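See the structures that follow.
There are two complexes below, and they share subunit A, which is joined by subunit B in the first and by subunit C in the second.
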Partner chain A sequence: MSVVESPTTRRTGGSTPHRAPGRARRTRRNRQTTGLPWLLSLPALILLAGLLGYPLVRMVVLSFQNMRLRELLSGRTPPWVGFDNYTKVLSDAEFWRVVGRTFAFTAVTVVVSVLVGLGIALLMRRVTRGVRLFMIVAMMFVWAMPQLVAAQIFRWITDSDFGVINYFIDKLPGVDYQNHSWFVNPWQGWSVITTLVVWAGIPFLAITLNAGLTQVPKELVEAATVDGASGWQTLRNITLPILKPLLIIVTTLSVIWDFGLFTQNWVLRDGHPEPQFQTLATYSYTQAFGQSRYSLGSAISVITVLLMLGVMAFYIRQMFRIGEVE
Partner chain B sequence: MVATTPGAPAVRTRRRADDGAMTVGRSRAGTIAANTTGIVFGILMLFPIYWVLNTSLKPADEVLALDPTLWPHHPTLTNYLSAFKAPLFLQDMLNGLVITLLAVAGALVVGFLAALAIARFKFYGRRAIILVVLAVQLVPFIALLIPLFLMLQSVSLTNSLIGVSITYLVLILPYTVWTLRGFISVIPRELDEAALIDGCSRGQVFWRIILPLTGPGLVATSVYGFIQAWNEFIIINTLNSPAKQNLMAWLLQNQTTRGTAWGPLMAGAIITSIPVVIFFLIIQRNIATGLTAGAVKG
Partner chain C sequence: MKRKIVAVAAIAATLLGAAACGSNDDDSPTTSASGAVDGKGKTLKVWLMVDAQTSWKNVVDDASKRFTDATGAQVNVEYQQWANHLTKLDATLAGSDVPDVVELGNSEFPKYVFSGAFTAINPADYENSGTWLQGLNDACGFEGKSYCVPYYAGARVLIYRTDLFKKAGIADAPKSYDEFLADADKLQAAGKSDAKFGAVYMPGQYWYSAMSWVKSTGGDIAKQDGDKWVGQLSQPASVQGLQRWVDMVKKYSKADPTKNENDQAGIFAQGEAAAFYGNTWEQGAAEQVKKDPNDPNSPLVDTKVKGKLASAAMPDVPSFLGGSNLGVTEKSQNKQLAAQWIKYFTDSTSMAGLIKANALPNSTSLLDKAATDNPGLAPAAAAAKNSWFTPQAEKWADVEKGNVLQTMLTDILTGKKSVADGAKWADDQINTILNES
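And then the complex of A and B:
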């Protein structure tokens, strides 16, 4: 690697939160050191540009063309069709059902998983040491499960013929759940998918929030108790406000993850989700690779990204603000 | 909420400050209730995983019994053997290893350089690079799958291990840069300065100080990258044919052909998960902090 002896790099920033020194001097030095750091970042930037940036642009371009199997095989430039794909997608009632479903699923799943995660995090502060350790170990195993494997596990335990869930429910008095299929009724099917996503999401949420709870000064909580605050009041007025930045971050992340739901409904429906089990991600994928409508799929992807943009921008802003990313 | 029993008198007898746990509102009955809830919760969480393990060790007739048993009555490894003997299982395992290692090694080298730039230099455009690194982490990769597929196909990199390796490299690159940045920036700058005063060159500072001190960070980051790349299946399932896929895609394929052989499938799932679980348990501490950046430190 090229060794550039720049005296500036050793002092700039050097653990001083407020950079005070002369402005003129700093700008001159900045110019001096710009070369090397850019050189160091270059390979990463090229890769990101080539395999993320370019496809992103290509996706937008594709959405204005009409790429079908014929163009794919012949390699010819697909014809331009303007906003045709968009009008087709946006005027399709099926698409709007998928959008509504994706939003509803995201809302329900995020609320449930954050609430349960917070509850478990609080519970972890209340139990004795051994129990806490057991809870952490249990959650670690769940967290470590690959998404696909987790989905396969749920496919197996909810299997209509040999699934253990049916077996247990069937044991209840007066209930006949033998050979019950969970995916005939979309509400039941979606509860299975939601349960899977919540189950897999709890460890991250609970463990992160529990780490956040350890930051709540004990003196504050004790003072509140001495002043006669109830447990609920302490939680509302002391714990939650301190936890708020972290709560916002994990909620935003959950929204981003759950909105992009693909693996879980894909696998639970054997790679061919019925219309009532499609989300934006699977819908776009099915259009593109199932029906060879690559342009239509791209248009749906563009819309999906646009729908998420607000949340993603918010997340990044929070990271900059809270993380104090200089 | 669960943990706060309103009305329970604040017992401030302070017997054994239970390592940092709240000392508020803990009555004996409350603790017992909390412990019970915690244990039930843990069991519920673990049950699906236990059930897979249980299934994978059962002989075929027990797997498909109408009255499933809580543990295998005649434990056997047949399912594991048939998973290993299944077509393409070993091939896909090898593919997965090659792809994953290539991607992780590449991401580590490229990512380390970028992380070094962000963590150790103040320069024009630094903030922009950080923004890019943070933003691309959020781009849903599935949305990019269509152009990615077309792009790699036009340069004949579909159905090849290289194409997927590069894609995975980019997939784990942002996280790698971001995490390594954190590890580098906690190394006190005074160390660099002292070494420079003692006559080290910039290069020597890198080899003798920054690199060794980032060692644990490099391990943690690469393990996380390994998990990400090992677990991926959507991209590889789209780009490559079964002979060039990894174990995750194998698990997916396995379900669509002629019904599901649950026993071998669950055995395969366990085999596939083992490296991930082990790696995950080693580095779990870093994952959460990476995702929430400064929020925890606050």
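And then the complex of A and C:
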């Protein structure tokens, strides 16, 4: 809370250092801040500390131990191994392949889904009210579908023995797609996974961006049109700058969601993804729970969180910068 | 991110449970199953796998009834799914409220015995213990003591379409591997008008099958050398068997190279193959399916292949002896009662019930009886006599869970690796996993 407010507060203080009302307002607020807000947020803070803070601390501790099934079952404190787990993970070529794959997947998926989402949002501004309503309802249905269900349905659609995709492609003249397996070739397999994630991600993006587009003042667009600006110029110079804060937020959220990919590739590969279909989330899960290397899995998770923070720091800074300009 | 937190919370929860429970002795005494135990007012918690519920629930109920009559203790049986039972077991055993009796697959047992999850038992307390099937019993031994009781076994056999065999001019099941290949050629030729048809349905990640072929040429998965395990797949004999399997699959199977054998009976029931390699009970699963798969009491409906199937031992190929064992958990509060229940559930009366339900009994002395009592079991009983088992390494379950062999097979079948390269890669993985401290 204080982080969000600080730039504004600083600015008010800086630009009008000697104005009495400003100072008075600030003191009044300070007095109020002392007890009540903290008290009110206490339940939430306790919950967060218990449900997020404690496991996080345990995970970090665990990553410096060597906990295997024997220790888990006997309750003995696992031996301390210092940075062994980290050196093991970081010197493993397989881990870096997983990292590279996770980043590449995130980049492709985020770019595609934001672009398509934006395209659909722009289209929604052009169509009649009835069509727009239809689009929103259709997308709401997609949005409402649980990830697990969607992934399971995609698994059936692409099944090599019973899948409806193979059936239809095979109907094309001169194409033999019977018993085609979509997961032999990693590029094909990842296209299926990416399609699923993009498809499920578009409703949120399109509906949010559509809401953002309604905030673009009509007069500005009209004025630009009168001045002879093309559609592309209007989009680039008027619509997008106004939409930018929202675009950055939805992109950030997409990065967070797509980076943690688990359900989709897990279900499409029937709970045992091959090495070429592992992402950081499934990799750490397989190591920890599949192979009972709880400490190694923890170390992978810690590294994942750190990698993620590196990416996120950039975006969060970007977000504050926008806040300051306005 | 959210997923991560869930995973972390799960670890933390199990840790909490572990901390609350304290430690237990390494050298706990052997639990006896002989003598009378008064179990009045006590309830025994038993974890069995889902097969017992679907195929021989009457045997479970009968054994529990005899147990209750003798001891006065009640029994509460919970049925588990194969897909997630180990993860669930890990979390539960870390706590203090644990099941007293647990069933695990025989290849899963060594890891848990090594990790101290089960208490030592006295084999002499159990019926037929002198003739327990080697492949099941081997999984129970650790440092001179025995930690589990063999429960039932399954051997893989060739299940085939009698009508298609007849149509292709084949009178009988093949008697040798060469004959099997010749038959497959005939079947393939007879069915070539259908592009989806393959003589043999063999999914690419079916490693129990591939390893049986490896054994058929004298190969092996891994062997112990001093206190180290050494992967054997890249040895010439193993590569030869692997090549034999790959040639067969590539030539006769239209199955997905990235699928495993879990739904092979259902796919075979579509009628697009003349034979598959499966457990005896999979013949029934291919002939009839539940109308509503989610309802255990749902009526059965016939499939396209109903009444057209027969089974025979796969000629010249030793069968993987799959099966389950039962153990008494180290943290159980009712160890003696638990051992008593296992005694009833694995005695000759219970085994007779299992034979009726198409499962192989836990003892070689009962195999011949199984073949005469239930002619449908005869091929499996024959196959069980020529069977093999996975390496007796504590960490073997991690090789299975790590999908090492599955990945190797898919890579070979899709041409990503040659047989030799794939075998070399798998050996490296196996060496790392089995020898990890």
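We take it that the second predicted complex is superposed on the first by the 273 of 326 C-alpha atoms of A that agree within 3 Å, B and C clash if a C-alpha of one lies under 4 Å from a C-alpha of the other, contacts with A are read in each partner's own complex, and residues count from 1 in each chain.
Just so it is clear, a residue touches a chain if its C-beta (ideal position, glycine included) is under 8 Å from a C-beta of that chain, and two chains touch if they have at least 3 such contacts.
The structure presented is a predicted model; accordingly, all values stated were derived computationally and were not measured.
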item: Which of subunit B and subunit C A:L62 touches, first, second, both or neither; value: both
item: Touching partner for A:L36 - first (subunit B), second (subunit C), both, neither; value: first
item: Touching partner for A:L118 - first (subunit B), second (subunit C), both, neither; value: first
item: Which superposed partner A:F289 touches (first subunit B, second subunit C, both, neither); value: both
item: Partner chain(s) touched by A:R132 [first = subunit B, second = subunit C, both, neither]; value: first
item: Subunit B versus subunit C as contact partner of A:Q188, first or second or both or neither; value: neither
item: First (subunit B), second (subunit C), both or neither touched by A:S230; value: first
item: Touching partner for A:G75 - first (subunit B), second (subunit C), both, neither; value: both
item: First (subunit B), second (subunit C), both or neither touched by A:I256; value: both
item: Between subunit B and subunit C, more extensive residue contact with subunit A; value: B
item: Common ground on subunit A, meaning residues reached by subunit C in one complex and by subunit B in the other; value: 51-52, 54-56, 58-59, 62, 72, 75, 161, 178, 256, 260, 262-263, 270-271, 281, 284-285, 288-289, 294, 297-298, 301, 304-305, 308
item: Residue numbers on subunit B that touch subunit A, as the complex places them; value: 1-8, 10, 12, 18-26, 30-31, 34-35, 37-39, 41-43, 45-46, 48-49, 51-52, 55, 63-68, 109-111, 113-114, 116-118, 120-126, 129-132, 134-136, 138-140, 142-151, 153-154, 166-167, 169-170, 173-174, 177, 188-190, 192-193, 196, 201-203, 206, 230-231, 233-234, 238, 248, 251-252, 255-256, 262, 265-266, 269, 272-273, 276-277, 280-281, 284, 288, 291-296, 298
item: Interfacial residue positions of subunit A with respect to subunit C in the complex; value: 51-52, 54-56, 58-59, 62, 68-76, 160-161, 176, 178-179, 181, 183-185, 256-257, 259-260, 262-263, 270-272, 274-275, 281, 284-286, 288-292, 294, 297-298, 301, 304-305, 308
item: Complex interface listing, subunit C residues touching subunit A; value: 1-5, 7-9, 11-12, 14-15, 18-24, 83, 87, 90, 93-94, 111-112, 114-117, 195-196, 254-260, 262, 267, 270, 330, 398, 401-403, 406-407, 410, 414, 433
